[in-house]
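Every chain is named by a letter (A, B, C and D) in the order it is written, and numbering of its residues begins at 1.
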Amino acid sequence: MTTVIINGTVVTAADVVEADVLIDGETVVALGSPASGMRETWLSGADRVIDASGRYVIPGGIDVHTHMELPFGGTNASDTFETGTRAAAWGGTTTIIDFAVQTKGQTLRHGLDTWFARAEGECAIDYGFHMIVGDVNDGTLKEMDQLVDEGITSFKLFMAYPGVFYSTDGEIFRALQQTGNNGGLVMMHAENGSVIDQLVVQALARGNTDPKYHGLTRPSTLEGEATHRAIQLAKAAGTPIYIVHLSAAEALAAVTAARDTGQNAFAETCPQYLYLTDEGMARPGFEGAKFVCSPPLRPEEHLPHMWRGLRTNDLQVVATDHCPFCFKGQKELGQGDFSKIPNGLPGVEHRMDLLHQGVVDGKIGLRRWIEIAAATPARMFGLYGKKGTIAPGSDADIVIYDPTARQTLSADTHHMNTDYSCYEGWEIQGRSDMVMSRGRVVIDDGAYVGAKGHGSYLRRERCQYLL
Amino acid sequence: MTTVIINGTVVTAADVVEADVLIDGETVVALGSPASGMRETWLSGADRVIDASGRYVIPGGIDVHTHMELPFGGTNASDTFETGTRAAAWGGTTTIIDFAVQTKGQTLRHGLDTWFARAEGECAIDYGFHMIVGDVNDGTLKEMDQLVDEGITSFKLFMAYPGVFYSTDGEIFRALQQTGNNGGLVMMHAENGSVIDQLVVQALARGNTDPKYHGLTRPSTLEGEATHRAIQLAKAAGTPIYIVHLSAAEALAAVTAARDTGQNAFAETCPQYLYLTDEGMARPGFEGAKFVCSPPLRPEEHLPHMWRGLRTNDLQVVATDHCPFCFKGQKELGQGDFSKIPNGLPGVEHRMDLLHQGVVDGKIGLRRWIEIAAATPARMFGLYGKKGTIAPGSDADIVIYDPTARQTLSADTHHMNTDYSCYEGWEIQGRSDMVMSRGRVVIDDGAYVGAKGHGSYLRRERCQYLL
Amino acid sequence: MTTVIINGTVVTAADVVEADVLIDGETVVALGSPASGMRETWLSGADRVIDASGRYVIPGGIDVHTHMELPFGGTNASDTFETGTRAAAWGGTTTIIDFAVQTKGQTLRHGLDTWFARAEGECAIDYGFHMIVGDVNDGTLKEMDQLVDEGITSFKLFMAYPGVFYSTDGEIFRALQQTGNNGGLVMMHAENGSVIDQLVVQALARGNTDPKYHGLTRPSTLEGEATHRAIQLAKAAGTPIYIVHLSAAEALAAVTAARDTGQNAFAETCPQYLYLTDEGMARPGFEGAKFVCSPPLRPEEHLPHMWRGLRTNDLQVVATDHCPFCFKGQKELGQGDFSKIPNGLPGVEHRMDLLHQGVVDGKIGLRRWIEIAAATPARMFGLYGKKGTIAPGSDADIVIYDPTARQTLSADTHHMNTDYSCYEGWEIQGRSDMVMSRGRVVIDDGAYVGAKGHGSYLRRERCQYLL
Amino acid sequence: MTTVIINGTVVTAADVVEADVLIDGETVVALGSPASGMRETWLSGADRVIDASGRYVIPGGIDVHTHMELPFGGTNASDTFETGTRAAAWGGTTTIIDFAVQTKGQTLRHGLDTWFARAEGECAIDYGFHMIVGDVNDGTLKEMDQLVDEGITSFKLFMAYPGVFYSTDGEIFRALQQTGNNGGLVMMHAENGSVIDQLVVQALARGNTDPKYHGLTRPSTLEGEATHRAIQLAKAAGTPIYIVHLSAAEALAAVTAARDTGQNAFAETCPQYLYLTDEGMARPGFEGAKFVCSPPLRPEEHLPHMWRGLRTNDLQVVATDHCPFCFKGQKELGQGDFSKIPNGLPGVEHRMDLLHQGVVDGKIGLRRWIEIAAATPARMFGLYGKKGTIAPGSDADIVIYDPTARQTLSADTHHMNTDYSCYEGWEIQGRSDMVMSRGRVVIDDGAYVGAKGHGSYLRRERCQYLL
């Protein structure tokens, strides 16, 4: 099956060109100048021709931070791999990397197999896994080596959540050393959980139970501290490090300072930290629970710092930390006790669009949009070559993007399995017209035309972003 | 005339792909996967087939800082546009941007026309011009607007050389404001010439006349100061700024600090600041004169900072500041008085190779090599689309680069018109096999096969690197 | 004549002690514990006994930055040495250091003699002189050496006011080198006058003539730039430097950064930069002219930085830059053209009180009050031993200070020769009850009881604050 | 009993004056100018006259960090309160603050009483206690309040030594909050013990057992990290913090950065970090054990940073961390396993002299010597008024110091109970001639003439150094 996309503007991290794209089966095989004689030949042999006039032709988005079906606080994230990857596709994302979880006391293998089983045959788009390491010990350290060889090349650790996912500094250091040897990459949830837990206990003891206290008990100073610490531990270990869901100016300052010395410190932020503020959590009644995630949404003054970091590459990646819970029945578990509100927001569907809005607003450039949403995520996590660009030999994960369309975000119209949207009623500019996963059209003019199980597991290379 | 390059690895700022490149006349028209059925068709219609097995296929280098035939200190830079652009081509550079000079008291137009006349019909590769503004006044400010419209979109000013090119801070500020309105970009020679001149007078009065005093009278503190000042003036004017030939850790720190706040401060460095040190100037006898340029070569501790800056994009561009003088008869003008040594080094020929050596040494990545030597220079100075990449529609400025070849740098073998090399006897890895300028082969296996006058003048767009 | 001050709390930069003070003639001769048997002996031999119950006994304030009778913009500062030193005394200041001015083209000596003549026989309190160097050349540099030997050990240069006091960087550098040899201290007015002049011309050309444009044409960025530059020039020259009337957060940051590396960079601020904002200049009508000084009053966000700098000793001195002009007839010269408004504010009278208010407000400590207002000024400018403390052998320049008294600042009640107050109607806490200059009571319970000509010229030592 | 000290130069943190000092019993009652008629009266009534010609008369030193008799690693610090305070006196120190230790599982009270008992009746000079808090829990937090009221106003916590003294960040935070309420001051041992323990285990596993591995397993990065973290926790808690024995440039940078924002972050360093380097630990054989302390001695490049910090007050205090162990029988416990070497150096005797050497070398000023060694220690830990200065009403803790005497440091001649000196054979300038504790001569011309038990327990005020 041969497809030709004509009349579009191909946008990659490096180039903006008027070019036709020739796809053979699952793979991009050529890009050609529309003005050349090539088009005719291509059209003559094409099974399908897509006219992308007035559209961008972009690599499918890569969301490297999702939590489908994650068990959390006595419930599960409300999107399954099926519903979640479908929603992702609607929004122009064609790859996710989800987190397999090692439960304390069990092997990494056991956790990984569990997640393999959950995703297998369910996904609309391709997917890979990071591994959450709950226990750092001789056994799991050895398993990390094996996993790297199997394509699980990144490992998440937590400085938050004592008693659950929390690792001590010594454990983190050992894990960093291990990746220094096996080429894996440590991803860090950087909040000082030990102090946060004290603040939470104190707030509850004072009767401060409303959702807004979620934010007030996780001050940005404590994210800045933990980020700095994580980077220093990586420096001591002589390894790169990747900070997940960075939200605070202080944390960005720590990353920036390290990078200014040439240290391989990387960080991602999320659309919610670019657009939403702590005012969400302070909404009347229990409404604020809809905006509870960790790190929490920050006061408005933090937001311009995040955009700055994206512009000058002190933030390299935008992911979603998609971890949706319905307000009814799920977020409500925390009524009367904010610490029981499941942490997480729905987001996988709108990352590409919210970032395109940043282009429209002049906050980032057009190519930078693709770089932070597709190219660098691919390189950071060992998918480049196949994913993150449109070039001969790359997977035909392609989005036909209408940069002038306007859409209104709403729980009524979104496809994520949550009963609310953090952006309810927001009107933004830009929308995916058509989404292709390895040459197969998945979304066509707003309709899902893909298939459960089309998405394949991605065995990843080591980080391709060093040097 | 149709050319196909097969079996090579196409390296651009964003991608490293195995792809065939189809060229029609002066233009790249398509990239295709070798594995696809495309190759056969292409080969059948090709006038010429180039086998790039084991080679990189890269966009031709862009050297945005050259001074062919520049009058300086009573002599002229020893490379003409003919010899200089030929040497550039040998080294894989297919575009230069040279500096037209306004002599104090005359119009910009007059200076520009003089330089147009010098280059016209002489060049082996394409060329553009920046304009050196010697006088900032109502007349020249108005001329700047016209020049921007004519494709001269960048203007160099000097904080050094009082009485010659020096502008006061107030004049610099007015020029910055003017570019804020007309979209031009100010390029700054950032050394505090007012203080340097005092140090020079004092050194000579003490009888310190040897070449090494050139370096000692231009300490890095004074480059750091001027760089900081230039950036603050740009901040006050609300415009971007581009620092030329940055050489000092203090200056890089000023750029880094500004970028950390999101300011559009840019800087280039040169191969001599990445590889050579002030020890050159201290060579016995008058030998040190061979290493006299401004800013001067710095003590060794500055060099790792330059590589760091390149890695994390606090330095965006590497150019050469090619301004060659022969030792005999030219550098010798400064015997007995270092201040009379013509300032400048030969360099246009070896920039691509010396940077590739940085790739070999693990100091920068492969794609980053192309980014700093071709892609960003093109974007920074309004040539992107045509220059700086290999994509459908781009000019076929292409280098077939052998990454494993070894060569020894020497005045005996180089093609620049100077009787010495700063790198005499250095062995490095990597070499251009074939160089193509707009589809025409200029260098073929070490032989010049181009033509005087093939190189065309490039009318440039405004800076494409903002956002 | 012997005086004993009993029952007070002696506050110096280092100590807060309950002690009696014994004064013999002009000099403090002993401090004794009230509880000891000493008091009786002292009282029995005393000509005068002062009961300081509930009062602080503090060293007289030292204001190192005043401009009595300064010719500026076609008029003269409205306080003479007689009226100005009297006003100073009322406010608890017992020493001023004023600025003798070298007019361009004349010798330092000529300027100094002019100022000697103006002050001789006029002053209520002791006084010294700094020298403003208008021309830096071989002659004036040699004169600087002589002046240092005569007790004029500090020299002010200007980065502002091109064509008037402005020195080029090269000239500044030479002056710094000269003080490096003769032990003098360069004081710098750090604003980029070259750029400011452009902004002023542009503002006037746009018809922006109101007082507020004085502030808008002297943005804080340009003070930050000049401060950074001055410090770098001092670094290159290897000498200390002292920044006068620092007003901007950016400028403080430059001083702080230098001090963090151990460089001897010093700075003073003034009460107006601790309390007043740019809103003053924006008052309706021409009222804003009352608040015109240079550097200009800054937006409110700068103020906490100034207090911070005082707390952690990145600012070492508070002086007034007292340079008063009446609104009627003087400030009014600038109606219709803000650039013609004489620059300067009245302030010499209320520095001690406004700083004491800072103590009351918890912004600085009690001893720090004395340190920044008396002890460090004395040391910085070579008066320590005699001035700035209360210790055996020191001059009996003593203030009996009531820390609980309340006063309202107003032109109706102040003693400076201006028809307005920048603090009109402000109520503050603290007031000098009695002021003594070399053992002689000058102010007694709000009445001036001193004598014109009592104040003597102070031949100063070199800076005593290094190390 | 009345004493008069004549002809000396009284040096305090603020003043250097020629003054006679009159002492009545235990207390300074007056300072008088030698030139006044006072001296005669004083001499006539004096029981003892001390001629301090050519000598400094300085407040006795205050060493706020000693560990007499501390149990550590199965042995005890070799100086008892008797021998240690005697040695202190010899060196011009008249007050120590030692650390009472709470053993995990017991009350603070129990630990404190144990230390009270050890010191009672033993000391040659006055002494106070800080409290080491081993367990942070509801009980100990409540006890902290009581202790503050009893004059134990400072509490030491550890980020090092997991399983022994280590507190988690949450516990540290609670302790900080508690002092925020009760006015106590938290003192922090800031090294990341969790990581250090891993490095130690790994080094031993590799057979790296020599003393030098003590230093290599405690890299400065980990002190920098912990210092930064401690400061951030204090910021989050809104309290001041005091870092003990700061040794690393990175740690100083963290303190400096905090102070540059106005945060009340304080730090002490020790003479060993000003003079000794990691080369000590690398001495052949087991000799290196003599130099094992924590934090470890650092590479030479750290030392100038420490002196810089002292100069610009980013380091406020110099203490000794005196914790002596004999080489024979004690340090030897670590043969074959560096981790078993008791941590600590002898030092209480030579702090004043080693700092005076810094004055001689031009690294700090004369008054600054007294400030960092006596005045600020007194203020920081609530002893000011009585201790740290020479003023009417202060304790007559006075040293007659000969600034020109030369002495050679050696275990043969020192009075600390250790069989080696870290400064063996060093010749330095300056020595205490006579030392007085509350009016009683303790050291007279090198001879101990004091009495066991003369030293009294000091009930301390809260920190007097804030504002």
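Following the convention adopted for this analysis, a residue touches a chain if its C-beta (ideal position, glycine included) is under 8 Å from a C-beta of that chain, and two chains touch if they have at least 3 such contacts.
This one's a predicted model, so the numbers in the text were calculated from it and none came from an experiment.
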Taking each chain's centre as the mean of its CA atoms, which one is farthest from the centre of chain B? D
Identify, among A-B, B-C or C-D, the interface equivalent of A-D, where equivalent means over half of the contact pairs coincide by residue number. B-C
Please work out the Cα centroid separation of chain B and chain D, and write it as a whole number of Å. 58
Report the inter-chain centroid distance for chain A and chain B in whole angstrom, where each centroid is the mean of the CA atoms. 39
Per the C-alpha means, the centres of chain B and chain C lie apart by a whole-Å value of 52
For chain A, residue numbers touching 2 or more other chains are none
Which chain pairs touch, all of them: A-B, A-D, B-C, C-D
Considering only the defined contacts, which chain D positions touch chain C in the complex? 12-20, 22, 24, 27-38, 41, 256, 259-262, 308, 311-314, 362, 364-365, 368, 375, 385, 389, 391-394, 466-467
Under the touch definition given earlier, write down the residues of chain D that touch chain A in their complex. 162, 168-170, 173-174, 192, 194-195, 197-198, 219, 221-222, 224-225, 228-229, 232-233, 235-236
